[in-house]
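Presented below is the structure to which this report refers.
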């Protein structure tokens, strides 16, 4: 018997760790991965609440989150490749011009 | 039993997340992210979402993380360089995030009638899941497929050979 | 007045027609036609005035003739002003002088200005002056008089600045107009006071209102009288505002004769005589007028002693004689003042025109030091000038003798205060005869100091008026003060002349004549017997000499005290501080604020991804905290999940 | 409107006056810009509109209360804005004046405007419509529309035809007048919210009826005053005038200041908020007298004759505003008459300055001298106009000036009136100094080497009638004063009671009261 609050705590910590990664890290890909982490944190809380109220919609919503994450990853990585090809660096601070 | 499983996999999850932050080379953080995702899949199972766990493993850990590692390998960017301004971000960032975590934690802990879970709870069958998905939420489902299509097109056009070089060449 | 027609409006309209004809078409008309038009105008007016005078003497009409039903000029609310002309003894006398002397001067200037480029423009302005002067004299109410008042100021501005190519002439014109405007400021305030307290500006109504209330003295009336006197002082060049007259000599000489000797400058005296009802009721104002009159007479006479320019000497002499007239009015001897005004018009116009003939004769030279010995070469000018000099010096049985004595005698009766004025007047008479004979000797006697000048007598068109004016200045006074004041009595009121404390009147005349003789003797000694004496005298009394030569530095003082500070204030305090700093500053401040906010916001769009991320997170955090706070506040600390379903 | 017999045209004459310039503008906009074509069309349009405006005084019934030639057409149902136009004694002559100044403007810029004359004349005619609109509109929203419209063409033309820094002056002008009109709109909408109507007469009675809260009404009145004060301009708000005058083309400079602001003050401030005006009047009297002296002093020291005229205008219009806020019947009538005089004088003055500037391409007074020899006729007209400005009796400036100053002296306060009368001296000083430095004195280098042709036909045709008008308005003000006075008399404010008058100490003489009875 594990109270659901523990799951929620875990998802909150994951989410916050994602934010920290998003703020602190300077490599573009790492930032991207911390966003994925945040999304997973959210997924966990979705499932938890789905279980709490015995509603399947929660879980379906996680599907949609996954879809969006996938699309985002695809496009994001394409951009990263384009940036890397143009600037030969992935350090976020050096990429500050709107034009590549 | 349930407790042990939860402890183990929650720990694994946290460790992977922390490792993601601390690693210098992106490939290590990518792999640690894979660990996080698989442990989450197990947690989903604990919560009775078996199909979801499977999807998590296949889609997230399998597809997206593989894509990440592939791109990291392709770009072979190497370690992160230290640039200015990181000190301020760290000094400012951590306390803020900690504060947010504290608030959320208090809200969660304060909540009274939050239920609990045990291994004996029923697992939501895929059949039940699919009925809801294809009856009530059919439209969002189709919209997501369109979204995926657009994403693919975008990815292709962005990553095309000619696109990047022209910019750099000019 | 359905009696015989007086053609009153025609008197001013003839010169106005002359002005329009010459003004608009003068440049294209032949010179002879221009002269004809210019001369016809004053002649016509003189004829009408003579006709009206004849009507009065023949008893066909009685004065004062107040024109009824004149066209209204302004009528708003309680203020009602119309073009009402009034003809009475006072204005008839003035009209006779203006049109008579004016006509003579027109003839004279036909010869004097014969070879000037702007010939038609000169005569147009001269006719315009006559029009405004006649309107001033005939005006029945103060506002219409103000029209004439400013109009003559305008005409004098145009005529002084006739040779506008010369900066000194243009400056003198502007100075005359501005100083006159200062006087007009006083006149305006006087009119406002009249309106505030009498509700009307017509002189007759004011006089009747004052008549009805014998109790009114001082207070309001003094204020009005003093304001009107400020206007008169501006126009008739009295102490504070006389500075423009000496500079007005920049204009052609006939202009000086007509405007700055005979007619315009006497407008102030006429105005006081016209509004004598107000002045009678304010002894304070009367004493002010008398004091300033006497002071101006003395002050101007002293400055006239050392002038070298022939016209400047006459200018200061005019200011001095005007002082006499104001002294006359100040001691309520209005008729004596007007009598002196008339005789002064004759002999001063004569002196100016004679001086003009001298200048014309020696090719435009005005400096007395370069003249001398012109007696034989300009005989007619010499003899007419002599008549003028003797007249103004107060030689017995000539015009000034009668009028100046009348004023001094009237002053003597005003108690001790009057006696002081009488003494000042007497001493000024001595100075007057001294500087006039000085001029006389310097110009006509001794040997010719500037050989290069070859003087020639002026043509008869100029000498004719000189002769007539000479006769007038000799015979002008024979009417005698008694008959003259009796003639003016209905217009200016009679004033009891107390006994002179036992001293018979002829004794005063003897004293006055002796003053004149002394002045002549001193001038004779200094400038005829020992010509080098004045240089030595100037050397010994160097300080007072320098003061007089620099005209007490009055112009410089005015400049330093009024003009310069005004310009400084408006340039630095007003233009720099208020205009640029404050008003410009406010505008710049508003623009500055806009730019500043723009600059601050611009920092946000730095293009640094991580700063965007930070702001994103901060925003999310703030939102979360806010939601949390609201939630906590809303349902206390225990969060019931049920509430959220 | 009274059952008075009105011939057919009366009902739509005002609409016609509004539309003719607009039609002209459209026509010019459509036709190609070839040579003087647009100039001729503009001239014909303005002459037509001037002819129409002359119809008004011919059929105006003096002394009849309320508005004449009134037309009310519902236009927008919600909020209730309807096309409500009409004129009374006050706006009658201002409409005629605008009609008169239009041909003066077109003729004055006949050979000055060479490039893009199509745009110039089209915008000029739009400006004419806007100004006609402001004077005839009786529906507050319609009035506000025309008020804003009158800014736009002016700003564009200043920016396009500015001599040195047109755009800067244009933006300054636009912002200066536009910003305060925002609170004006708020005030109008507040009034609409409170009374449910934009109709001027209904608003007037509603406000007079005391239905509205006094506190808020004070701020509403202040918003109205602030917007109009900037347009006149009054002393502290005149920052834009000097730049606008030195940049605006001649045709616009003569209509840019004064008339609109002064008319709006009289109509939409003094008549609409009688109580609020009483407590604001003392402040305004002080401001205007300061403005008079300030404008005159600054005009004394200007080096550029455009700026000199600008500050002179500030002084003259402050005098007119003093007449309005003296709250005496004679003062207000004098103020309206002075606005008409000022319109005629400014018109002539700007044509003359345009002549000088177009010949010598410089506006620095120091560079001029002895120009009278080269341009004798211009000199004559310039002297006549400046004498009218200075207020020489027999010319039109004096009548208005005397009415305002005497009514302020009698009705308001003798101290302020005396201070204002000092402007008579300063005015003469700076005007004649300008005339002397430009026209008289020895010929300066600029005057000698630049060949200067004296007045051409288009300037001559304009200046002669204006000079004649100045003389007529000076000698026979009776043609204009009765209609103005009758409309002023109907305004709700009565003559201020004599007790309010502050007399000089010596004046407090017993007989003073008996005089009151006698009057």
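Annotations for the structure displayed:
Letters A, B, C and D mark the chains in the order given here, with residues in each chain numbered from 1 onward.
Following the convention adopted for this analysis, a contact is a pair of C-beta atoms (placed from the backbone, for glycine too) under 8 Å apart; a residue touches a chain by one contact, two chains touch by 3 or more.
A quick note: this is a predicted structure, and the numbers were derived from the prediction, not measured.
The greater number of contacting C-beta pairs, out of the two interfaces C-D and A-B, is seen for A-B.
A separation of 69 Å divides the Cα centre of chain A from that of chain D.
If you average the CA atoms of chain C and of chain D, the two centres end up 35 Å from each other.
The geometric centre of chain A is 5 Å away from that of chain B, both derived from CA atoms. Note: centroid distance chain B to chain D, computed from Cα atoms, is 74 Å.
Residue positions of chain A touching 2 or more other chains: 19, 23, 26, 52, 93.
The multi-chain contact residues of chain C, meaning those touching 2 or more other chains, are 610, 614, 617, 641.
Residue positions of chain B with contacts to 2 or more other chains are 85, 89, 93, 97, 100, 104, 111, 114.
In summary, the structure contains touching chain pairs A-B, A-C, B-C, C-D. In the complex of the two chains, the chain C residues touching chain D come out as 72-79, 143, 146-147, 149-151, 154, 157, 161, 164-167, 170-171, 173-174, 177-178, 181-182, 184-185, 188-189, 191-193, 195-199, 213, 215-216, 218-220, 222-223, 566-567, 569-571, 574-575, 578-579, 583-584, 586-587. Across the complex, chain D meets chain C through its residues 172, 176, 236, 238-239, 294, 297-298, 300-301, 328-330, 333-334, 370, 372-373, 387, 392-394, 398-399, 402-403, 405-407, 409-410, 414, 417-418, 421-422, 424-425, 428-429, 432-433, 436, 439-443, 475-478, 481, 485, 495, 503-504, 506-507, 509, 511-512, 514-515, 518-519. Listed in rising order, the residues of chain A touching chain B in the complex are 1-10, 12-14, 16-21, 23-27, 29-30, 32-34, 36-37, 40, 43-44, 47-48, 50-52, 56-57, 59-60, 62-64, 66-75, 77-82, 84-86, 89-91, 93-94, 99-100. Considering their complex, residues 610, 614, 617-618, 621, 624-625, 628, 631, 637-642 of chain C touch chain B. The touching residues of chain A, when paired with chain C in their complex, are 19, 22-23, 26, 31, 52-53, 92-93, 95-98.
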